[in-house]
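Everything below concerns the one structure shown next.
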Amino acid sequence: MRPLTLDPDRLFPAEPRAREIARALYAEVAGLPIVSPHGHTDPAWFATDAPFANATELLLAPDHYIFRMLYSQGVPLEALGVPSRAGAPATDPREAWRTFATRYYLFRGTPSRLWLDHVFAEVFGIEVALDGESADLYFDAINEALATPGFRPRALFERFGIEFLATTEGADDPLAHHRAIRASGWRGRVVSTYRPDAVIDAEHEGFRPALERFGDLTGEDVMRWDGYLAAHRRRRADFRALGATATDHGHASARTANLSASESAALFDRIVSGRFDPADAELFRAQMLTEMARMSVEDGMVMQIHPGSFRNHNAALFASHGRDKGADIPARAGFVAELKPMLDVVGNERDLTVILFTLDESTYARELAPLAGHYPCLRLGPAWWFHDSPEGMRRFREMTTETAGFYNTVGFNDDTRAFLSIPARHDVARRVDCAFLARLVAEGRLADWEAAELAEELTVDLVRRAYKLGDGA
Amino acid sequence: MRPLTLDPDRLFPAEPRAREIARALYAEVAGLPIVSPHGHTDPAWFATDAPFANATELLLAPDHYIFRMLYSQGVPLEALGVPSRAGAPATDPREAWRTFATRYYLFRGTPSRLWLDHVFAEVFGIEVALDGESADLYFDAINEALATPGFRPRALFERFGIEFLATTEGADDPLAHHRAIRASGWRGRVVSTYRPDAVIDAEHEGFRPALERFGDLTGEDVMRWDGYLAAHRRRRADFRALGATATDHGHASARTANLSASESAALFDRIVSGRFDPADAELFRAQMLTEMARMSVEDGMVMQIHPGSFRNHNAALFASHGRDKGADIPARAGFVAELKPMLDVVGNERDLTVILFTLDESTYARELAPLAGHYPCLRLGPAWWFHDSPEGMRRFREMTTETAGFYNTVGFNDDTRAFLSIPARHDVARRVDCAFLARLVAEGRLADWEAAELAEELTVDLVRRAYKLGDGA
Amino acid sequence: MRPLTLDPDRLFPAEPRAREIARALYAEVAGLPIVSPHGHTDPAWFATDAPFANATELLLAPDHYIFRMLYSQGVPLEALGVPSRAGAPATDPREAWRTFATRYYLFRGTPSRLWLDHVFAEVFGIEVALDGESADLYFDAINEALATPGFRPRALFERFGIEFLATTEGADDPLAHHRAIRASGWRGRVVSTYRPDAVIDAEHEGFRPALERFGDLTGEDVMRWDGYLAAHRRRRADFRALGATATDHGHASARTANLSASESAALFDRIVSGRFDPADAELFRAQMLTEMARMSVEDGMVMQIHPGSFRNHNAALFASHGRDKGADIPARAGFVAELKPMLDVVGNERDLTVILFTLDESTYARELAPLAGHYPCLRLGPAWWFHDSPEGMRRFREMTTETAGFYNTVGFNDDTRAFLSIPARHDVARRVDCAFLARLVAEGRLADWEAAELAEELTVDLVRRAYKLGDGA
């Protein structure tokens, strides 16, 4: 078997002087706490603190980065233990792990490879590289560790040095796990994020039942425009009461609208009647971004917009396996005309924070940096999803910094449901940021002390300020 | 206070051999004259040679790069002395300067920072870095210098080694300052550029009055298509008589049209009647690019097209403060279908030069380099506005050179109204070009003597030829 | 005269350690056979093995990379010996060569320069650089060499170490040259590629006569939908019988469709009746991609899609000189919505291979890598045409690898009619790939032994597998 080693200088520039600078910058931020303001871990883990099942169910079957690559190379999802609409397949977890292990070479050059090797080496202490030969050794070692108290969710949370972790729940979620976390007396700061997509996107297959639960939870008449808005206000207050500081909106596009109250009410009537066309649905989503922004001005919640994913692109796979199976594909995005209606309403609000994300890198320098470099309410979220990678993060900095600066950005989001990879992901981000800063220093564009200040800003300060988390003390 | 130092090797590659090559290339071009064929300085400065007022009015209040960043971080424009539609605010210039100085760290990583530090160190000889502590020292030192004869506009022009400087005036401008410059006997070569946007863009708020002045100045009946075209010919001749060699066109898109004479006349009638819709206005702008190109074939003026800025995006700010307040945002651009009607008419003209600019970098390799690498009349303008930056210029070279070569580009434009920053901007461009050439040499893609020839081409020769300025002797 | 030297380390990173890694990787792949699965050489060369005429007719007049650059700088095509619709001009080949040689500096920084210098030095053994002074020396030396047996097409094929070479022929081509190659007993593996564009694109000026030849060759009633499809099946079988493994489709866009059989038949009736509009033509091309994919599922042929070129952009030049005269310009492309109808039909087929190319680099990270990193049938073709260049290939790897990995790519295509440049083009690709891999190793993102495996994969293994060429033994 081949050894598994993590290069201590990984992701730093090859050139020795720049590398030396990057190493020094990184040394100062490597040990800072993890602030994770946007992600998709399951709050039940922290509520129940139950042990994780096994390597396959923890690391393989839920990770769409991994199974999409294997699927692209001809491996059926069943062979990996990925659940279908019919439930989890009967696949032996060990066999699934072997299938993965023998194809681990497919991940060369991908961030998944960097994250997984970090998890294997740093979280589990494994010393050989993953391949077909070491598959069983891995499977056994990981399962053995998972059975120990040190690998329970809360213990890992603490070991990882997580200062803050936000999960994401829908507007129709009762937040039972978050209540349980709070009630448990555990000191870990795990809060929710208000993500009302399912009650805003009339084209979502679960729109109707979500709307009904939304009404039940709030006691509002959510089939009328006023009651619907009031229900949002109530749920936002519920989330805030449990520590949430932010909302999140995953729309097909960044389109916003600025309809009059009566136009909005008429549109809403069409939406709830079920007699709407795709243009109505898009317009309603657009209007709701503006409504959410207005409520954020009222209640101070930070607003995140994640637009531009074409969901469930693979029709057959959606039919058999449902959502979130690696078949979401980015689409071309636009922000300039799209955001204008909302910005006409709230653009100049100094106490509002709207964080923009994109899957279309061509908008970084062309649209997002110029917008964020002007409007007081706008900030740029980090390189997202397919771009959460060394090259993706480098391009983000290269294409946004010169127009928006560093201070209109908000630090890193791990945006993950892969809990064990959180330290790995933050480590990659810290290294890539330090590498970028080191290049600026090496090229005489920044003083070394400025780079050191910025490294800390990019790691903890900007994220705490942008998401209104306090100073971390 | 911290020292202010400019790294003599700034913007060169970190790798020692490539850096050595860049340094040698730069040494040969650093002292060459400044040729500035496109910019927005005020000709009144050179006509009257009056001293500049103070640091805030000279460096801060008119520079949209600076105040847009500060505004994005919550600073009101009033606090910076930026005039609104109601006039200049009562803000104390020293207080405005302090507001800026304490936030100078926001510009880390931006070209404004590079330009300003250059101005502070090289133009004013300041030796400490700008921050809250040094704010007053800066304000006093700058104001003191500005009161001396050596900081009058003409003295600075000469000190900066400017060989040629083009300003930009509208079709309705009487060119009084340019006449005064000529009449003064001063040897500085300051000429205008014919920018007829205000009499071409029927959606511009000043269209009607501009058209009237246009008629008054030319004595033509500009409300009829023939008279309108004749008026353009007259004004182009006026500009040429005062040394202008180029026109400039800042349109919302690069769309061109190729209507018949009767279609054009009918469209023009709608435009001047005021009974036009947005499609008419766009079509008229499109047709006028082709008309301007035809006139350039006749009179030899170089034609510049600067498309794709969404002007005045911030509605409230436009209402309170008017144009050019940092709220212009680039939009997605296209050139292939858009330019075809014009190119069908003039594309194969060998003596015509049409210089294309873009704010949408995704068009560099996809559209602009292939177009300029084929059509004899086309050349590529340098990285523009938000892309006039080290990373922006690097991307421009990386994405255009392999298809269009170096010889279909036209050197650097500073495109600025910030007169004192002109040497800084040209210096950044020279350094970035030398760094790019050095990489090609270090990677065995170009001989060193070729790189030396190219460095000089990119600095002075290409711009002189493209803008028909003579050989600079 | 100046010496002509090829830097043995050209295209490797400047940084010494990364360069050392690149050099070691390259040493292992430099001598591997050339596998060329997609190109446009003339099969007549290998059928007749007749000597090439002269330097101008071989290297200059047919190479649109070269004459488009010269044309962009004002050189008439006639002066270069480029044929017009009226036939070859009377231009003296030596004069044409001199015109080129004196302007060879225009190619600085372009891949043509790299390829040509390689051809001059390695194929012809010339030791001085090309310029006006050496023009005649070059012309004479090249012509002299071409008259010798070692420069006949088959001899060069063998000298170049070509393992496999695919040409491209239309659906209406009788494949006489390929039959002759087979009949000759020569062992060189030269096969065709089925490119049915001319019988699919109803807007192509040669559509009608091509369709008639298509009917004649197959004996099918190609004016009826069923007969038309049957004719495609027959011709695909003809091509396969002569060794072809792939089809190729050069459409204006990547749009696909999924019409019912009766809708398709009705559409086809409109197409052959001549009473169709541009939307019909586009829809028919779209539907035919899906039909071709279905046939590929049946017969195993690899399907290549090359979309997004705006052909014959220069109207006057098309009128005088016809197609392929350097006036094809890339247009903005999209794949996500466009490919969905086809992928709904064949997307999950594990034995189908559809290779996607683009001229719009903004789709690499946004659309192509996410699609290829999910769908089993999809692979990414290499950087194409204007992007077949060092910077273009680097961007391709940087923007696709993190999401699609290396194993969803298919090695290099030279895509050329410039036979003598084939080794040069493969050499550039090998060097750039090794440089990219070296950076990953130097930055601790890949082990050295992994990079060595990948270098071989990218050079020969991936292309053999993707195009179903066998193991090369």
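Should a chain be cited, it is by its letter among A, B and C, assigned in written order, with residues numbered from 1 in that chain.
Following the convention adopted for this analysis, contacts are C-beta pairs under 8 Å (C-beta built on N, C-alpha and C of every residue); 3 or more make two chains touch, one makes a residue touch a chain.
These numbers were taken from a predicted model, which means no experiment stands behind them.
Taken as a graph of touching chains, this assembly is fully connected, with contact between every pair of chains. Superposition on CA atoms relates subunit B and subunit C by a rotation of 120 degrees, given as a multiple of 5. Although subunit A and subunit C share one sequence, what matters here is the overlap of their interface residues, and that overlap falls short of half of the numbers used.
Distance between subunit A and subunit C, defined via averaged C-alpha coordinates, is recorded as 40 Å. Residue positions of subunit C touching 2 or more other chains, listed in rising order: 13, 15, 362.
Here subunit C touches subunit A in the complex through residues 13, 15, 17-18, 334, 336-337, 340, 343-344, 347-348, 350, 362, 365-367, 369-376, 378, 398-399, 401-408, 439-440, 442-447, 449-450, 453-454, going by the rule given at the top.
Contacts from subunit A toward subunit C in the complex involve residues 2, 6-7, 9-15, 68-69, 71-74, 105-111, 114, 310, 313-317, 326-332, 359-362, 386-387, 389-392.
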